[in-house]
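Encoded as structure tokens, here's the structure I'll be asking about.
Should a chain be cited, it is by its letter among A, B, C and D, assigned in written order, with residues numbered from 1 in that chain.
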Amino acid sequence: MFDKLHEECGVFGIAASTESSVDSAYETFTGLFSLQHRGQESSGIAVNDSGVISCRKDLGLVMEVFDERTLRAMKGDAAIGHVRYSTTGNSNVENAQPIVVTHHKGNLAIAHNGNLVNAGELRHDIEKIGGIFHSSNDTEIIAYIIVQERLSVNSIEEALSRAMRRIKGAYSLLIMSPRKLIAARDPNGFRPLCAGKLDNHYIFASETCAIDAVGGTFLRDVAPGEIVVVENGRMRSIDSGLHADNKSFCSFEFIYFARPDSILEGIGVEWARQEMGRYLARESSVDADIVIGVPDSGISAAQGYAAETGIPYGVGLIKNRYIGRTFIQPSQGQRERAVRLKLNPLSANIKGRRVIMIDDSIVRGTTSARIVSALREAGAREVHMRISSPPFLHPCYFGTDIPDSEALIAHNHTIDETARIIGADSLAYLSLTSLSDVMNKAGCPICNACFSGRYPIKPPIAAEKHIFDRHLARVL
Amino acid sequence: MFDKLHEECGVFGIAASTESSVDSAYETFTGLFSLQHRGQESSGIAVNDSGVISCRKDLGLVMEVFDERTLRAMKGDAAIGHVRYSTTGNSNVENAQPIVVTHHKGNLAIAHNGNLVNAGELRHDIEKIGGIFHSSNDTEIIAYIIVQERLSVNSIEEALSRAMRRIKGAYSLLIMSPRKLIAARDPNGFRPLCAGKLDNHYIFASETCAIDAVGGTFLRDVAPGEIVVVENGRMRSIDSGLHADNKSFCSFEFIYFARPDSILEGIGVEWARQEMGRYLARESSVDADIVIGVPDSGISAAQGYAAETGIPYGVGLIKNRYIGRTFIQPSQGQRERAVRLKLNPLSANIKGRRVIMIDDSIVRGTTSARIVSALREAGAREVHMRISSPPFLHPCYFGTDIPDSEALIAHNHTIDETARIIGADSLAYLSLTSLSDVMNKAGCPICNACFSGRYPIKPPIAAEKHIFDRHLARVL
Amino acid sequence: MFDKLHEECGVFGIAASTESSVDSAYETFTGLFSLQHRGQESSGIAVNDSGVISCRKDLGLVMEVFDERTLRAMKGDAAIGHVRYSTTGNSNVENAQPIVVTHHKGNLAIAHNGNLVNAGELRHDIEKIGGIFHSSNDTEIIAYIIVQERLSVNSIEEALSRAMRRIKGAYSLLIMSPRKLIAARDPNGFRPLCAGKLDNHYIFASETCAIDAVGGTFLRDVAPGEIVVVENGRMRSIDSGLHADNKSFCSFEFIYFARPDSILEGIGVEWARQEMGRYLARESSVDADIVIGVPDSGISAAQGYAAETGIPYGVGLIKNRYIGRTFIQPSQGQRERAVRLKLNPLSANIKGRRVIMIDDSIVRGTTSARIVSALREAGAREVHMRISSPPFLHPCYFGTDIPDSEALIAHNHTIDETARIIGADSLAYLSLTSLSDVMNKAGCPICNACFSGRYPIKPPIAAEKHIFDRHLARVL
Amino acid sequence: MFDKLHEECGVFGIAASTESSVDSAYETFTGLFSLQHRGQESSGIAVNDSGVISCRKDLGLVMEVFDERTLRAMKGDAAIGHVRYSTTGNSNVENAQPIVVTHHKGNLAIAHNGNLVNAGELRHDIEKIGGIFHSSNDTEIIAYIIVQERLSVNSIEEALSRAMRRIKGAYSLLIMSPRKLIAARDPNGFRPLCAGKLDNHYIFASETCAIDAVGGTFLRDVAPGEIVVVENGRMRSIDSGLHADNKSFCSFEFIYFARPDSILEGIGVEWARQEMGRYLARESSVDADIVIGVPDSGISAAQGYAAETGIPYGVGLIKNRYIGRTFIQPSQGQRERAVRLKLNPLSANIKGRRVIMIDDSIVRGTTSARIVSALREAGAREVHMRISSPPFLHPCYFGTDIPDSEALIAHNHTIDETARIIGADSLAYLSLTSLSDVMNKAGCPICNACFSGRYPIKPPIAAEKHIFDRHLARVL
């Protein structure tokens, strides 16, 4: 309903030190709770109680799936957890993670954030030798590959290292075996994954805000192509030997996905967003009375934009904090007003003013049009829309749900046309150069394929993906 | 809590005729509802909508898992459904059925009633070549075996026929592929499975009462070792070529599991129970004033017993019809009275009388002791307990949860000791000979391994089973 | 859906002795659970914790409304509870009981089974002086009357005694004040109410089966017009001075409502039902092969009928024990088969036989017609229907929901017509004389107004009732 | 858990025009949803369907209590709704609103925001003449008073006018009778209440943001002492004749309760908060590097403070947007970290900086201490706390839950002591004079009793209140 991209997932894991114990399920719950913005569809935690791995997962927010009684029943020295993104309709519990499987050498829990580009191929190969699939998750494919490799090597980390030679794409993985907790990241480092300590216990998380939430200390990012193993309370690093020519960290983590208090690849997310706002101001300034941001993600860039231009920043839109997942479908006549349930203009700041409205991105443009119209009803004299990222032109194959090009307004319309469609007096996007400048300034090479079409890894052939999707559609 | 055996499962399936349509999900719901006595832990239905198979399953009774909205959303020309037995505690949704998998040649839904004796072996073989398991269900093993065979043959039924050479034990299977609905039964015919018609649509069910419930017509039992395929609205039979020396139909289906209105192997369940009561009367008559049955399953045998002896039959115990699954745990002091919540003596019939109380079986003896004590408090002068089956002495490996011998009161105590433990003035069981006579009279060779220890198929080695169970314990 | 009368309610109460304590909420839960057959719409318990009365009530069965956590949180020395009958649709939580009110002299909880005939008048009087009503319950009216009287007398029991002069109709009341538990019954004694002991704690219940369920001992019935007060662990009786010329105990309690193991007015319910069957047999015998009962309530009378005639008794219909409250509405085409979900003929006993089918009553006749038709499909050669009560001809104003005469098949059709409508080969009802004989034999004068039209108390004027109902309709 | 005051309630009502119809339940749902910040404990809607008033209410957020199916079933030409504030523990459904009652002249639904100071007295008077109470709500008292007056006058509005002479304190009322929708406000105008139009239908709401949410147009505030009646699609005003010497609008509505996009008494809430920040800056400036606000309510004042001082505003704390109502109780060791689940410092902006942190108020001080400590851990060099309201010193009797003085940190400690307790380098509050200046500037006389102890209306005698509360404690 609200024209936003969705992150695929967030992961969290903890392994107790041998010297003291920790309530691993509760800490994982806490960590996942702080990663809830990365996925609201389903939540799950697997705990390892002396080698016996049990798992609870269901559709719903972390607070909905787990309660005190449930958490207390989950004893264990180690745990991994997962939150999954929310789509309308097609969600099903089979796709919830972590997945827990038994195999020839024992058992295994896996939680995964990312997307494989050779999933179709791998799935096909596994099926050719008799494999069966219960879900349309890449995670199940990864489990198979690791288990296959495990048959011929002596450790799970070695199996993982070999598996990483076969799986291509974006993956930040947490794997829990009876005696180990393992974190791994794809050679390009598309998705974030960091390590920390809580007392003398090791933790892993998609973002540093989860380390903060449990009261832990950030150690470092897991490096692209790195495998980190925690065993007997000690952490060691293994180099998979796989190294992409260039790190390709997803720029959209900085633009929209991550929490502003997280530090990814050494860069504060809030800083990056304000910088994008500043660059945007330099590129496409316009005379106006007030700069506002579309909550929550447009706020930071708006403050940067305002600071750069000297035009005062102000609150222009109030967001209802009680939006739930089970939103009641308004009738036809009521739909137009639906956006007003979530966002209401703050007339005092808008009335009679020339407004610069900053948002982080436009996907289909429908919400933007409604917000612009609401601002005009609230008395805005002019509405200039500024977007703190370049226009979306290409689909993403690395873990976000940027849709087919046909659905992207920027793919089908010029910027002027788009401005007209959404009803803005003017519209400008951040240039790709500026985006790269901000990230380079911080020393972080990014993936900007959704803007540029330059994919760091060859994407799957479109037709094949399409057929594959149709095959899987509603399979479970 | 109530010292009873549990049946593993009930299955139901329907395939629409090509000439007309049917609400396959609703009919499956109705069929499962009438098979609810076979399993109260979880319920599930998979529907086939032009080759796309979707499934809904969860912990709970059929009426709890499905409501109008859910059923209406499940469109399809064919459907299979499953109910699973209730245990306290260790239930989990991963073990719910049907399971739906995708494989090299398409997709598949399977629902299964029974138990394999070579599950450990098969699982081991699959794991050796890289297979992974999500549950501790035999059904997942069966799915793998069929899919493996399917790689080299041209049809699912051929794959099933080959798979049946590899899986050993008790199984009544329903399999749904994009274009077929298939029913199959193990060569010994341990568990029931019958075929019927609803208008011109074919149906399969664990018991005939499900065919009655949907308003259908009974056609015949699926034969031991038979594969029945419904395709394009036609039904055809395939002989797997697998034939046990002797059919070994589970005698406990007649003694306790099945609904009295079902007709299994051509024999009315009610008739069989009354006959068992008659034989029991002949073997171990005793002078008394009234014959009562422990509801619900002891009632039929009690009526047979009464008819044979001429001692009047009467209602001696009233059962509370509102017993739910979520029973509140009574405190220590209240536990003794717990059985009274479920069963209350009808004093008018008991007071001052010599009572013969018929029950179908004794597992641990705890409930029996409480009922006898309740009857005495209600004024019974004498309580003679008669059991319409032989004593349990051996575990079952073919789909019921008869526990380890150590938990069986009859394994550890003589009949006299047992009588003393449960506080009865006398105790007698039906002899194995009489049980066989009743079943032979009806032409149905039975499995009586739990009484005799004569297993129609070699059971798994105890130690192995034990280790295997521990390995799986709480795996998911 | 299943053409049965509904009892209005069941009540249970307990007051701890001063010498020892008891888990009053748990015992009330247990008692209510055994009275669940008297009402399945809503359940409630109020506990008295040193004068502070708190209450929990909701729509649902006792097991659904209360769980371990809820019960544990309800501490108190005394408690009263209530179950309310189930109607389709118009149920609402405002009508759940007990109701708890504060008033000038303190606070009060009331649970009520019955129906006032001057409710409209009393309500009008209360409203005339500024009273407000939150529900359409008589219980709220009773609360007002007691509270009004309490203003000018010194005790709650005195207030109740005066209130009983003003309220007319059927009522079995439990009242809990900060220091007392009080039971009272209308002068005619329409509805049952009995007293018992659990250790040295006093208990009250609608039926003796609830005393049995908590493991208590039956003391005696509360007499018509009696007020029983438990205070400081002692029980004392107060004569309200109100005495009807004749006790008028509801005959339908014996025919259908009460549990067969209960003893009401000194008469075993099971005995009474069998006697009704015997009288019925003498009045309207017919040659046949088997006597069957419609479960559950027709079973006892069928056994009496069989015993009297010598025609063998047998099980003819199997009832599904898992019928829930949230029944899925079948589509038009499926409705005809709906009764089959609940009741299925046991063909083995029916096929080729001449069947006498005993039921306790016929209201609209729709279910009877479907059962007869099911028996014929199962092969019955003849179906003779026998009803163990006289025909319903008049509405009930004393606590049951016998509908307006127009809805009663017996009011609109001769017995022959009715037989034809329901498809039976013959039909006969128990005569009013025989019903009275059975009850007189046991020394219990009954109300038989629904059969005879002779109301022990003047019913409300029809027109007035109608207007009043419309006024209240959906008021809350 | 999070040391914040709670508003008592929010109300919304709509009456359809005679010319067209409107989905009154859906619009009320929408309005309540935008008022959710005023109460998260319970939600309710009453609809009027041609004089028949039905109501649905329960514990929970608006989105939890109502879904599509429920709303669709609520047909009506008019509706009123209510949200109630969240407390821990003592919440119960009996206190949910609207309340619907029948009385001598018909029926009535009432929804109320506020608190009466003579509730104890009125309740006592009603009880003296036989009144009974089902809840501890003032609303029930108001219903009684109106109904009493209604007995002797010809219209509900006249009855209300008379009732307003008897009830003292803060009340913003919505009353729905079969043919009218009535809004009324106490003579002091403590709580907000405004009128608007949606097409040609009249609406009332606690705040203008609800009018915006349904797409309506603001008309005007309901005046203190005014009664507004909507009948037959027309709105008319009645002067109750009751006028306080001075309007006493609750200043805390501006400081914290109301949504920033609402306009109360002609003043934009956002504007007022920024002004308070500016005044605060003038009164208690301090040299620092950054001004941050405690989300959400401290943000506006922080922006005002920053603008006034020239010290840059920045985001210092990130709030987790997924905090639910059913928060899991952390264990002792985890409690210290609990505030981190909700608020996390944005280190990039904090590290090495001298921070001015603006919050709207301090109640007990516990949360403030934890936030200051979190900022220091994040590297803040100095933390100066500034509060955009004067210190709480006195309890509130007009609709907020400011607790007994003993619980107020400002009552028990000097400002310096408080600073030390919460660990701030300095602490300053807005002066009472400045608060008044801001409000006077906007022409709005306020109630500041919680700061000054000058109550616009004599509060209830403390002892009496205490006894009364104890009497009511857990009464239901």
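By definition in this document, a residue touches a chain if its C-beta (ideal position, glycine included) is under 8 Å from a C-beta of that chain, and two chains touch if they have at least 3 such contacts.
Keep in mind that what you see is a predicted model, and the values were worked out from it rather than measured.
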| item | value |
| --- | --- |
| Joint neighbours of chain D and chain A, given as chain labels | none |
| Taking each chain's C-alpha mean as its centre, the one farthest from chain C | A |
| Intercentroid distance (Cα basis), chain C paired with chain B, Å | 37 |
| Gap in Å, rounded to a whole number, between the CA centres of chain B and chain A | 47 |
| Inter-centroid spacing, chain D versus chain B (mean Cα positions, whole Å) | 59 |
| Residues within chain C bordering two or more other chains | none |
| Interchain contacts (touch definition) - all pairs | A-B, A-D, B-C, C-D |
| Parts of chain A lying in touch with chain B, wherever the complex brings them together | 49, 52-55, 93, 99-104, 107, 124, 127-134, 143-144, 147-148, 151, 471-476 |
| Interfacial residue positions of chain B with respect to chain C in the complex | 23, 26, 29-30, 33-34, 36-37, 40, 61-64, 66-68, 71, 209, 212-215, 259-261, 263, 268, 270-271, 296, 299-300, 303, 307, 312-315, 318, 320-322, 324, 326-331, 334, 336-337, 340-341, 344-349 |
